[in-house]
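Please see the structure below; I have some questions.
Note that the chains are named A, B, C, D, E and F in the order they appear, and that numbering of residues resets to 1 at the start of each chain.
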């Protein structure tokens, strides 16, 4: 089996670029655009199971993802920027998820939260109705493991997504880069 | 008519009182910023202490000689409810020339793991434990499949 | 200045909105797929179009309140001069409000103010 | 009412049924065609008054199906299990949803997962799975090589 | 002393001295247009940020604080993001009306800014029927919402639009009645005159109980009129997902969003003008020293202070109360607000005619 | 999928509520027919989170299957685990140490409190009041911290194992629970101030979603839903398990039959949970926290039915064993499933806003319904 190992102690994404007011000093238009997009990720109200509760905890006062400008949760995909797939996706739900993702205007991002959305998790084996990972349906930008992940882990995923948007890299670019780094 | 009017105005009065009560409460919180309980996550990373029982991911502790305690007995693999752990064994020849089963690769699928602790309970040699890490976000899910035993690591002496 | 201001403001609003929309048209690239243009209804296909006959109750409601609205417009000129005219203004508005109120009670009794 | 007394009383009413005291509740095995009259009597008889169907399910025994009805009386606080065996080729049983409204969704679920036909059910359609699903997944011989990865 | 009045007057003088009349008008118009757009954008940014901070503090959390110092660039980022988001038209929609609706709402919101007196003798157009103009024009915004809801060809939008139609029309009445009670006192519809009539005290204090009742009714009615919680029937996130703007995205949605906040600003500005004396400083009877200090604060600060206080109150409502049901909302209007405001108006007329007010 | 829905001409709208809708608390799909804004027909469509847990459990051992139940009704995960553990213990006839029993009941009641708090916040959010959600989560986070310290997880604990609990309680546990009780008692008055007494809230809750006692029984409602209609159905009282028979508490009954009664039942249940915790917290006996069990659990042949009271109602676990290491069939009788069947009865003739309020007060957890 081909086993991949994460290099120890990668730099923490949140500290790579200082976010404080950096936007107005940036020179190129692209950077401004990416700065705005990364700091204004409005999530779609989408949760299917346990992870949705942890997502609510993240929204609640103790963890408060509104600090990132994240709190404007929209109930309609037309105004949302990011889907947090919080929970298991089953075969019956898959077309709905695809439809929701399709109906979102560009640019759109996806965070797969928890084991179920990442890979099927506890329902990987011996079940007849669970989709083994949301990336079989829609492209996923950031995966976060855990069952369910702590609120801090979701915030970490969010910061990781922000880094990705700021860098402007596409999914393919990241894949190639990872291959180059031998990861 | 009088009773109707009386009722009418009592209703209004009570309604306004109940509404003002609610506003008083929210107004209290608005003006008392010490009630704010937000923990700022990325900034408080240095001081963030998770309880030692928190189950973040399975790790295999190695000591300074690059030795671990896993004998490759597959008890954790059997205990795991959803195939998170795969143990690949190899046969080592030890000093006396006997063939002995030893661990080759301890594959750990973090993306499948539900942190149920059953493997830790099942392990007879306490070779694995739960770590308190939680920052598992990656761009590619293949990165979540991990090899727990470090390269060239050996079984610690005295563990059967 | 006068009404020119209004036209200016209208133009300003149009320029502002159209400018914003134009910028977003120029700078964004969209994508198309089969489902994007369909109506959003909680993630499942809709049961028919929204453009069908709907309840007449909605119109009734709007009509009744529209009448009140027009009545209120009549009261504006009265209000300006009420203080100068004196008691006569009060009597006049009493009559006016009385008739209005009767109509209101009638509408209420007919159930026109009940939301469907 | 104590279990022994209950068993005796039920036995006198339905002499053809076989009653055993299970691990938790008395279990009455009846013929599947008798289901409705039996439930009717159990519900309306004041000394029994089983008015609460708290669980309804099915077990696939490979040779036959067994419908299991868990009944409780909210007035007397006694419980009873009704079991009825069904043919595996053409499983059919009368619906209980006109006596117990709770049965409606339970029976739709059983139809969905076991493929048991409930006659006179108002809308017997799939409820948990999509309409185009093939097979009845909780049957023991169900196999789905695409969706189901065996450990 | 530098004030907006002096600045505008000197600009006018400067221009008229050098240029022909047509050119002066054209230049002044473009200045106004520019000012209006800037004000519009600025108000939107500030109000959205204020809403987010108010909600955060009420809800014992911090709110946006990572984008820029203390998070003040948060709404800027949001605006840029929304402007750069794909705005598309659903296939089934009535394309023309769908695209027109945000323009209608925006034009109405912009036009309503005209008669408002931002400072002493400073308004874009101090027309002699200012209050009437606001009442009349603001009812048109419902057409924009109905248009948006109907053109989307979405059942949620349609329901939201229907609701907001009924709601805005009906609350217009009690808001109008509340305004009328003050008009009876002032005897004028011109905003500058209404403000001037309060030089010796605000109508809220001068007008006895009827003025207070009218003020409360006004606040309730405008909260409903601007579709704010607890009267946010038209959007009702937990019921109708997005209400009338369910299908709107990107810049068009941003325009609705912006117009909503501008409308709040306008109704609060009108409330401050009618009841709290507009740009008039706060004076207490014979305390000469105190009154003198109050006069030192610029009139625009007074005006904005009062307006933002009212805006805060409306936000406070939103983050405290549950939403009403649509029929309860209409009950509230015709069972409580409308009769009370009618009788209140009569009562106030009596007071005004007898001269019992201060 | 549905019975033929024709776009008829009498002004009726057919609207999908869900699967992605903020008021359905997950992925419930309701197809509602509206006349004006009045609901005339409502049809639930389930299965958007049907994860085939029952099938999956047939291939898991008795130690392993417990953890899947945490994912069913994730808001009362301890109580779900309790039901499964009780079922296995009953079949194996394992005696559980008293300390473990105390810990289990304490944990269950803390879970119930946390669940009710989340319900309170989420219900207020459905009604359009957003701040209560944050206040409810503030207290809930304290419970979560206590849980995390002892069980190692915040939501899906897997702490109850056949024979007892996985590990002993944390040394801080007793003190922190006591602190929490003090805090909670000072804060629950705010709940009443902000929501219960609010005139808007009362008007929206009273006289909607009426279900009579007979109907509630017939629909199989349990938990606060049924107790709001005066049906005595608390498993902790009627069929006491664990050490509930030694504990003093009241079964909360309300007779209003409407949504407001159900609301009050839940609020009062919080007080009862606090009462139970107060009784037990000082008396946790010393001793083992886990009984000695065999490494491989084999259940004797037979059928075992266990029922417990979760935060939403009666959970039944029906285990059919053939004598092997894995169950032959497992059926979870989930409270939400039956409560949902009464939804149409409750909602018919009410407005959309009422639908949201009634669903909010039913406190549906969709994975619990779909399993």
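Following the convention adopted for this analysis, a contact is a pair of C-beta atoms (placed from the backbone, for glycine too) under 8 Å apart; a residue touches a chain by one contact, two chains touch by 3 or more.
From a predicted model like this one, the values you see are computed outputs, not experimental measurements.
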Common contacts of chain C and chain E, by label, are A, F
Where the contacts of chain E and chain F overlap, which chains show up?
A, B, C
In how few steps can one go from chain D to chain F if every step must land on a touching chain?
1
Please give the pair of chains with the highest number of C-beta contact pairs.
C-E
What is the chain whose Cα centroid lies farthest from the Cα centroid of chain A?
D
Centroid of chain A to centroid of chain D, CA atoms only: how many Å?
45
Separation of the C-alpha centres, chain B versus chain E, in whole Å, is 49
Between chain A and chain B, the Cα-mean centres are separated in Å by 19
Please list all residues of chain B that touch 2 or more other chains.
19, 22, 25-26, 29, 36-38, 40, 81-83, 114-115
Would you please write down the residue numbers of chain C that are in contact with two or more other chains?
27-31, 36, 38, 40-44, 46, 49-50, 54, 58, 115
Residue ranges of chain E touching at least 2 other chains are 58-62, 84-88, 155-156, 158, 237-238, 241, 246-247, 250, 319-321, 326-327
Name the touching chain pairs, would you?
A-B, A-C, A-D, A-E, A-F, B-E, B-F, C-E, C-F, D-F, E-F
Complex contacts: residues of chain F adjacent to chain C:
5, 7, 9-11, 13-21, 29, 31, 35-38, 351
Residue positions on chain D within touch of chain F in the complex are 22-25, 27, 51-55, 57, 59-60, 68, 70, 74, 77, 81, 100-102, 104-106, 109, 113, 123, 125-131, 137-138, 150-151
Residue numbers on chain F that touch chain D, as the complex places them:
1, 3, 44-47, 50, 52, 54-55, 59, 90-91, 214-215, 217-220, 222, 231-233, 238, 302-307, 314, 316, 318, 320, 328-329, 331, 333, 337-338, 340-342, 345, 370
Quick one: which bits of chain F touch chain A in the complex? Just the residue numbers, please.
19-22, 26-27, 47-53, 55-56, 58-60, 67-68, 70-71, 74-75, 118, 122, 133-134, 137-138, 140-141, 144, 154-156, 366-367
Show me the residue ranges of chain A that touch chain E in the complex, using the header's touch definition.
19-21, 23-24, 32-33, 35-37, 39-40, 60-61, 64, 66-69, 71-72, 74-76, 78-79, 81, 105-107
